[in-house]
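Going in written order, the chains are labelled A, B, C, D, E and F, and every chain counts its residues from 1.
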Amino acid sequence: MNRLSHLDSKGNARMVDVSGKKETVRTAVASGEITLSKEAFLKVKENAVEKGDVLTVAKIAGIQGAKRTYELIPLCHKIFLNHVDVTFQMNEKRRAIAIEATTKATSKTGAEMEALTAVSLAALTIYDMVKAVDRGMIISEIKLLRKSGGKSGVWERQ
Amino acid sequence: MNRLSHLDSKGNARMVDVSGKKETVRTAVASGEITLSKEAFLKVKENAVEKGDVLTVAKIAGIQGAKRTYELIPLCHKIFLNHVDVTFQMNEKRRAIAIEATTKATSKTGAEMEALTAVSLAALTIYDMVKAVDRGMIISEIKLLRKSGGKSGVWERQ
Amino acid sequence: MNRLSHLDSKGNARMVDVSGKKETVRTAVASGEITLSKEAFLKVKENAVEKGDVLTVAKIAGIQGAKRTYELIPLCHKIFLNHVDVTFQMNEKRRAIAIEATTKATSKTGAEMEALTAVSLAALTIYDMVKAVDRGMIISEIKLLRKSGGKSGVWERQ
Amino acid sequence: MNRLSHLDSKGNARMVDVSGKKETVRTAVASGEITLSKEAFLKVKENAVEKGDVLTVAKIAGIQGAKRTYELIPLCHKIFLNHVDVTFQMNEKRRAIAIEATTKATSKTGAEMEALTAVSLAALTIYDMVKAVDRGMIISEIKLLRKSGGKSGVWERQ
Amino acid sequence: MNRLSHLDSKGNARMVDVSGKKETVRTAVASGEITLSKEAFLKVKENAVEKGDVLTVAKIAGIQGAKRTYELIPLCHKIFLNHVDVTFQMNEKRRAIAIEATTKATSKTGAEMEALTAVSLAALTIYDMVKAVDRGMIISEIKLLRKSGGKSGVWERQ
Amino acid sequence: MNRLSHLDSKGNARMVDVSGKKETVRTAVASGEITLSKEAFLKVKENAVEKGDVLTVAKIAGIQGAKRTYELIPLCHKIFLNHVDVTFQMNEKRRAIAIEATTKATSKTGAEMEALTAVSLAALTIYDMVKAVDRGMIISEIKLLRKSGGKSGVWERQ
C-alpha cells in the first residue's frame, strides 16, 4: 500500500523532496464542468458567440491561477510552466460548460496540480460573472484526464 | 431577464460599481466534495483520526484562498472578511470527503465567491496530498448553499 | 513649498499616516497610450473588431493591477475599490491605442495610484501580446486626468 | 505578415508554448521617463543628492516588479531572473528623470516584459512619492532599447 | 485559563470570528534586533551615514510585509493599515541594529501581527544585504512592546 | 575586507548578478525559537500532543513563506526549491519552542534566505495562534546553522 507522500512516518505534513528527481518534460490534462440554468446558459452562449468575454476572462483566470498554484496549494512545488491552455465547450443539451486545461513543464515534479487549479479557477470565474443571473450553478467533475513524464510515466483515466 | 453584471451593454467585461451599495453584514455557505479510491479514503481517514494533517492543511489552504479571492477571480472586489471557516465530513459509504465553507463580511458586496474559492482550494489541496496514492479522485458539487445580506437578501438552495 | 509626503524631515522614506483622515468617496481618472507600427496596429484593430481579445486581456490586467497596487507601490495604502474600469480607443491616424482607467473608492486615501497602475499594466499587456509583430512599441503619456474626494477635493488637468 | 503570438487562429487569447525552446542567456534593456514640475524636480534632486530615498524606493519597486511580472501580465511566462538593475538620471533642463532597467535571465523566453515592467513600476513609485507636490507628472517613452538571446537574437532600437 | 483563540473546542485550527467586534483605532509597537560581526556592523554603519541604503531597503521590506501580513500568517485577518513605520538604531557597543515598527489601523482586529511581521522582514532583509560579509548574524528579541485599542485596551510590556 | 554584495560602488542598492554562477545543489539549515509563558507553553504542548494544530499551521506558514521569499526580501532571487521542511521541539524547562527549517534547491544562488524566512514565519504564526493567552512571547535566535553548495561551499556555525 502506497504512503501519502505529503505526510511523514508520524503523519505530519511535509513537502516531498524532489532533489533526486530529473527534470523531464511533463504534461497534464484536467477537465471539469459548470452547469447553469437555462437562462444563464443562453446568456453566456450569446456572449460567447459575439464577444467571448465571459470565457476569455475565465481563461485568463485559469492561466494565471496555474502560474500561481504553488502559492495556493501549501505543499506544492514552484515550477516553470512552458505552456498553459484552457478551452471551453458549450453543451446545450446539458446546459453545461465543459472546461479543459493542459499544462506543460520541464521540471522535477508534475504539472497536474497546475492543470486542476486552472480548471477550478476558470469555473469559479464563470460562476462570478454569471451569478447575477443564476446563483444555483454547480461546478463538477474536476479531475485529471491524463499526465505524462516523470518516473511514473503516463497515467490515463479509464 | 437579468443582465450578466460583469458585462456592459456591448458585452465587454466590467467590474460592478458598488459605490452606491451599503456596507451590511454578509454571510455565505458553500459546499463541495472529493471522491477517493477505497485505499486513499482509508489513508485520509486514519490520518484524520490520529493527526488531522491532511484536513488541517486543506483547511488552511481554504482559509488563505478565501482571503485572496479578489486576486484570483479577475472581476471580484476585495473585501474584508470577518470570518472564514472550512469543515470536513468523511462519508465512508461514498468514499467522499464533504467540504463546507462559511464566510462572513461587513461589506458592500457578498462573500459568495470567497466561500466557493475556499471549498475549491481545500479540495485541490486534498487532491495534492493524496495523489501519490490515487490520481483518479474527482472534485464535485461545488455550489452555494446559502447567502444572506445585501439588497438581494437571503438566497437558499432548493 | 510643499513637502514630499513620503519622506520625513530627515529625508527618510515613510508611509503617510492617514489615521486622522475621513473615509470619503474618491474617484480618479488616468490615461495613457501605446503607439504601434502600422502592421501591429492593424492586427489589434482586426482582432478588436472580431474578438476583442487583446484589449480584453489588457483590460483584465489593468483591473487586477489596480486591486494589487498597494503590493506594487511600496508606500501606497491598501484600499477597498468600489469600481475599476479600463477602456480603449483605437486612433488609426496616430496608430495609437488610448487607454483610460477610472477608479472609485470609499477610503481615507485617494485612488490615483490605482488608476495610473491600471493604465500602465493594460499598456504593458498590449505590448506583451503584440511584441511578436512589433518590438518597437512605445508607451507614453501616462498621467492623471482628474481626481475628486478627500481634503484636497477636485483636481483637474489643465 | 507575422501572427500575434498570444492569439490562436480563431483570435482567442493563448499563452505561447515554449516547450521546444532552448534555455539561453537573455538580456533586455528598457527605458522610460517621468517629467515633473520645477518644484517637484528640485525636491527629488535635493533628496537624491543627500539621501537618495525617492530613487531608492523606486528602484526597489522596479526590481520587485520585475520578479513578479508573470503575475501581472496575464500571458507572460514565469522566469528565473539572474539580474535586474534599475538606474536613474536626472535631466535638469527637461525636468525629467530618465529610468533604465536591465534584466538578465537563463530561460526559454525573453526578459523584455520584466525590463519594461521594472521601468513602469519605478516610474509609478516616483509618481506616488512626489504627488503631494505635483499631481501633473507625466510618464512617457517606456520602450525597449535592446534585447539579446533566443532564436530571434539581438534586436536594437533604431 | 484562557483558550487559544485560533483552535476550536476540539483543537482544530480556526480563524477568529470578528463579526461582533467594533472598528476602533488600533496601534501596535514591536521591536527586534540583529547582531552583526564587527566588520559587518561597520559596513552598514558607514553606508547608513552616507547613503542609508541597507536600512532604506529593510524599511521598505518591513512596510510591504506589514501590508501583506494576512497572506503570510494563515489565520490572520486582512486589515486596512492607516500607517506603518519602521525605524532603526545602530548600537555600536553591542554591534546590533535595533528595529522598531509601529502600526495603526481602524479595524475590528489588532495590528500586532503587522508590527511583528514588519520587524521580522526588516531584519531578514538586513541579513540578506549583509550576508556576503557575515553569515553568522543573529536575529533576536522580536516582541510586542505595546498595543492599544479594541476590547482588551492597552497592553504594555513590563 | 569584503564588500556588501547588495550595494554598488556608490552605495546604491543592487541585486547581485548571478548570470555567471553555476546551478548546483544548495542546502541550508536555519533555526530560531519562541519563548512562551508557562500557561501558553502548556496550551501548545497539550494541543501538540493531541492534535498538532498550532505546529501544523506554523509549519505550513513556514513552508509557504520559503516559497515566496523572493517576494518578501527585495533583492533576493527567485529560486525553485526542491524541498522545505520545518520541524519543532518543545523545550519544557525553558518554555520555548525550537524551530528548525531545512531548504534544498538546485540553483545559482543559495537557499539561506528561504530557510531563515521559513523559521521567521513559523515563529510569527505560533505567536498569532497563542497571543490570546500570552502577548509577551519573544522570538529569538533566528540564525543560519549550516549551508552547502555554490562557490563558497560549506559554512557551519561554530
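Please note the rule applied: a residue touches a chain if its C-beta (ideal position, glycine included) is under 8 Å from a C-beta of that chain, and two chains touch if they have at least 3 such contacts.
Everything quoted here is computed from the prediction, not taken from an experiment.
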### Query
When you check each chain against subunit D and subunit F, which touch both of them?
A, E
### Query
Which pair in C-D, A-F or B-F has the same interface as D-F, with over half of the contact pairs matching by residue number?
A-F
### Query
Since subunit A and subunit D are copies that touch, is their contact same (over half of the numbers shared) or different (under half)?
different
#### Entry: Whole-Å separation of chain centres (CA-atom averages), subunit E against subunit F
15
### Inter-centroid spacing, subunit C versus subunit A (mean Cα positions, whole Å)
31
### Task
Quick one: report the Å distance separating subunit C from subunit F, using the average Cα coordinate of each chain.
37
### Task
Could you check subunit F for residues that touch two or more other chains and list them?
12-13, 51-53, 56-57, 60, 64, 68, 74-75, 80
### Task
Treating touching as the only link between chains, describe the layout with one word: line, ring, star, complete or other.
other
### Summary
Inter-chain touches occur between A-B, A-C, A-D, A-F, B-C, B-E, B-F, C-D, C-E, D-E, D-F, E-F
### Message
Going by the contact rule set out above, which residues of subunit D touch subunit C in the complex?
### Response
1-7, 10-13, 32, 39, 43-44, 47, 50-51, 53-54, 56-57, 60-61, 64-65, 68, 72-76, 112-113, 116-117, 120-121, 123-125, 127-133, 135-144, 147, 155, 157-158
### Query
Of all residues in subunit F, which touch subunit B in the complex?
51-53, 56-57, 60
### Summary
So, in the complex, the side of subunit A touching subunit F is made of residues 12-19, 21, 70-71, 74-75, 77-80, 107-108
### Query
Which residues, counting only subunit D, touch subunit F once they are in their complex?
25, 52, 56, 59-60, 63-64, 67-68, 80-85, 104, 106
